[in-house]
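Chain naming follows the written order as A, B, C and D, and within any one chain the residues start at number 1.
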Amino acid sequence: MHIGFLGLGHMGAPMARNLLKAGHQLTVFDPVPASVASLVEAGAQAADSAGGVARADVELIVTMLPAAAHVKAVYLGDDDLLANVRPGVLLIDSSTIDPHSAREVAAAAEQHGNPMLDAPVSGGTGGAAAGTLTFMVGGSDADFDRARAVLAAMGKNIVHCGGHGNGQAAKVANNLLLGISMIGVSEAMSLGVALGVDPKVLAGIINTSSGRCWSSDTYNPFPGVMDNVPASRGYEGGFGTDLMLKDLGLASEAAKQVRQPVLLGALAQQLYQAFSAQGNGQLDFSAIINLYRKDA
Amino acid sequence: MHIGFLGLGHMGAPMARNLLKAGHQLTVFDPVPASVASLVEAGAQAADSAGGVARADVELIVTMLPAAAHVKAVYLGDDDLLANVRPGVLLIDSSTIDPHSAREVAAAAEQHGNPMLDAPVSGGTGGAAAGTLTFMVGGSDADFDRARAVLAAMGKNIVHCGGHGNGQAAKVANNLLLGISMIGVSEAMSLGVALGVDPKVLAGIINTSSGRCWSSDTYNPFPGVMDNVPASRGYEGGFGTDLMLKDLGLASEAAKQVRQPVLLGALAQQLYQAFSAQGNGQLDFSAIINLYRKDA
Amino acid sequence: MHIGFLGLGHMGAPMARNLLKAGHQLTVFDPVPASVASLVEAGAQAADSAGGVARADVELIVTMLPAAAHVKAVYLGDDDLLANVRPGVLLIDSSTIDPHSAREVAAAAEQHGNPMLDAPVSGGTGGAAAGTLTFMVGGSDADFDRARAVLAAMGKNIVHCGGHGNGQAAKVANNLLLGISMIGVSEAMSLGVALGVDPKVLAGIINTSSGRCWSSDTYNPFPGVMDNVPASRGYEGGFGTDLMLKDLGLASEAAKQVRQPVLLGALAQQLYQAFSAQGNGQLDFSAIINLYRKDA
Amino acid sequence: MHIGFLGLGHMGAPMARNLLKAGHQLTVFDPVPASVASLVEAGAQAADSAGGVARADVELIVTMLPAAAHVKAVYLGDDDLLANVRPGVLLIDSSTIDPHSAREVAAAAEQHGNPMLDAPVSGGTGGAAAGTLTFMVGGSDADFDRARAVLAAMGKNIVHCGGHGNGQAAKVANNLLLGISMIGVSEAMSLGVALGVDPKVLAGIINTSSGRCWSSDTYNPFPGVMDNVPASRGYEGGFGTDLMLKDLGLASEAAKQVRQPVLLGALAQQLYQAFSAQGNGQLDFSAIINLYRKDA
């Protein structure tokens, strides 16, 4: 299939490579020339703008952009995607943005005759490189079916979450819970250890009890409890505090739009913000436990 | 083995019955005569006081009491356990109390020549009846080994958490996390549904993603998502809001003693308190989601 | 002076009337024709658009709009204020928006040759009608001096807070504190009364002690403590919960931009959001005490 | 009048001295001999125990002790106050404790034939030395009238708050609000300054607006805004963070007893706890602003 791809950053570049590996023809664009050059070397063709990608003879376009403002600009701008794309081309936005904006852009696309899916991912740069991302997809059944094979070249778990914006809504809900759970684990581990329990023993108990969660049994923030997690290597790599902060910002913004309180969520957001303000925004988000450990 | 048992409430009575079923000889006491009578009918002998249990020729005594004040009174009172028990008898307190008080009582016991274990449980009245409780045990290796077979008659998961008070510390840490996670799931499910996602679809996504936790995949608070959980039967039965409130009170009290902040924990405690103050203290703690659901 | 006025809502209309009363000539616009008609009857001239006001021979323009999106549209739109106004005309935006947006618009205005001030107000519709508003003004000394007499026709307290955006920053900081204090008073009054203290006695003690604050001594939320406050008339009138919610939203948004944590502020925002979600958005914000009163 | 005085610490000693200055005869006790010696030098007589004070021919006894445990021990202990005091002697406890304990001790005193008042103070060691304390008094009208002249020798504001425990309840409510307000001011000042407003200008605006409170206009935590407050001298002196922490602990404990939520209060308590855990417990509580200031 001839596919257009916009946004070749830390996530977009490896995703695009996986499409090439799966045998698809790719026309790409990114404002950073080096990012484009690197994909061209791997076999893609370069367009000179978003509009240029749209004017190429593509059947489907994937976008992977930093925030809602970029998504709106790239889709709705005067000389950009919708202004140039042929009706019928399937548009898939894999950026993580708020559900409201996703629905706004999808409505504009459909008015223009282009089916659209929101398909944010989880799994990080590791999952993007390995092609093991999870896609949370919002849009019609037919469009989901049409996109599935393409998405499967980039991920291994492709979940249909309902209509437009529901992919974003599901991701925002999951990451809200993740942001809370990680701080919950941080408080519980720090308290138990301060009370005298060995951290590995404590994690073992929690992981077989009702406190069990991904943040405890797969990504424990206490140093020395697990190997191969950011806590065992000084919180390098992983999912950055500032990325978690962005996702909790989306959650509280979405909650505001539907007037839904998120009390623990808002407090968690402020704690990551305090931690980031201390200069830790690039550390993995599990480093938030350092707010609680006296010896850290 | 001849075992003394004190405290025959909702948890203590079925635990004592399981000891009888395992072939142990039991001498029991409870201030409620009917509770004693019921155990006597099942084969136990009655003592007329805590001191009476201690004076019986028992090798080991289990206590299951409501709060630290009762534990201190029963162990340290003028005519009670320590004042009457033969040195060498192993004392096991399965009440849920703060680690500090547990250590205080254990120190008094050891001074009197009695080895002691704190061994709080999780698993609720269901686990107590089925003999499938988890015991979190604090005390020496030797005493833990000595107690293991007896505890195994009442539970299936017997975990040694370290020295005196560490059983309580581990339980308090786990339940702190549980109390937070349940509200986290409540916020995430309510937000996702308010944004338009089907609750079963959303739970399915969370349960295979990084938000996964016991409160979501085993005890989901959103009605209709799972069968056989309190949410599917009007939040009857289960683990009462007021019990969770008690455990979070222990957690924040223990945190105060070691000057360890528990920010999400303290907020969670207040939310259960607000919910209880509205008359919901007897509902299962997962009913806290009703604070978030407009249609509930 | 010939003054342009845009935005004739609950606040803008009485402010514009006070300018007429002070002898100024007014050219006005609002998208609601009846709002314009009412001002014309009072002596103003009507323009047919924002651009029309700008093209009239005015020396100064005041805008009073609901949110940042409106301010950006009206100032920066293709056929709107900046596209039509003569360089040198002083622009005063009295809308309450985030400091970042205020600075963005001011920079565009100055580039176009128009000095600009942000001048949000406090004092509510009562203060707007009586001409007793407080103006918190951001911009240069010279522009502040030039605007002072005009603002004095609408308010009695005109405070210069520093450069562009500082009027908005000062307002957002004050209202953040106000939103927190009101909940603080609600918690303290509700707790003291639940513990048995008479509400008037308690308010008297607080108001002469270190808990003293405007929310307690001037606007007490407990019914029956003060006359002539919303709490004494079923929380009708006053400053609506949804307006407080908007201001706390601006505060947490501004805090996010400068990565400054606002922990109590974010929790307060969620509590007003929960209260609004229960259908109370139109009640005065002091009604938040009903979240705490069992008998309410 | 011949008065007994128990507890000669930082607060009790200057209070006792003011009773001597007012011409009263004093019999005192404290477990620290040097504290007793210092008062004897000033004209008091020494007793050798709490019981010794009770057996002296006193008409009234004042106690000033660190916490509820001490108050219960001194009043209810086997050879202490109630066991030795003559019926009819008026007992005044000026310690700051929870209302529940105050009522428990008062009930025991009245059963023994001794009228009792709880009379906690505010005003700090400065107010104790200057005789300008505020007394918040719980007990009967008659007992309040009987005590007033004695209290007036130590304070200038003597407020009757209702029956037993209401002095404590009023203090706990006021200090709950104070603890919240101080953090509210810290967040508002830090945010406004981070957004570019000068701290003195910002404080000036808040102090004449709806954010006005004692923590802002009398005890501003931002360095350089006011003279003669702890913020202007490195947060030395004043009201220690650990004392505020104690009072918020009393508030959340009292709230638990009457099942009254204190959401901002609990969060404030955790923030002071986090700050104390960092080694700042002896700094004035207004130093909490350092949690928010990047340059601090």
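Operating definition for what follows: a contact is a pair of C-beta atoms (placed from the backbone, for glycine too) under 8 Å apart; a residue touches a chain by one contact, two chains touch by 3 or more.
Keep in mind the model is a prediction, meaning the values are calculated, not measured.
Matching CA atoms, the turn from chain C to chain D amounts to 180°, rounded to the nearest 5.
Look at the contact of chain A with chain B and you find the same residues on each copy: over half of the numbers used there are shared. A count of contacting C-beta pairs for B-D and for B-C identifies B-D as the more extensively joined pair.
Averaged Cα coordinates give chain A a centre that lies 39 Å from the centre of chain B.
Chain B and chain D, compared by their mean Cα positions, are separated by 37 Å. Between the CA-based centres of chain B and chain C the separation comes to 52 Å, rounded to the whole angstrom.
Looking at chain A, residues 255, 260-263, 267, 271, 274, 277, 294 sit in touch with two or more other chains.
Taken pairwise by the contact criterion, the protein chains are fully connected, each one touching every other. Residues 99, 122, 134, 136, 157, 159-163, 165-166, 169-170, 172-178, 180-181, 183-185, 187-192, 194-198, 201-202, 204-206, 208-216, 218-219, 251, 254-255, 258, 260-265, 267-268, 271, 292, 294 of chain B are the ones touching chain A in the complex. Contact residues on chain A toward chain D in their complex (touch as defined above): 263, 267, 274, 277-278, 291, 294.
Within the complex formed with chain B, the chain D residues making contact are 249, 252, 255-256, 259-263, 266-267, 269-271, 273-274, 276-277.
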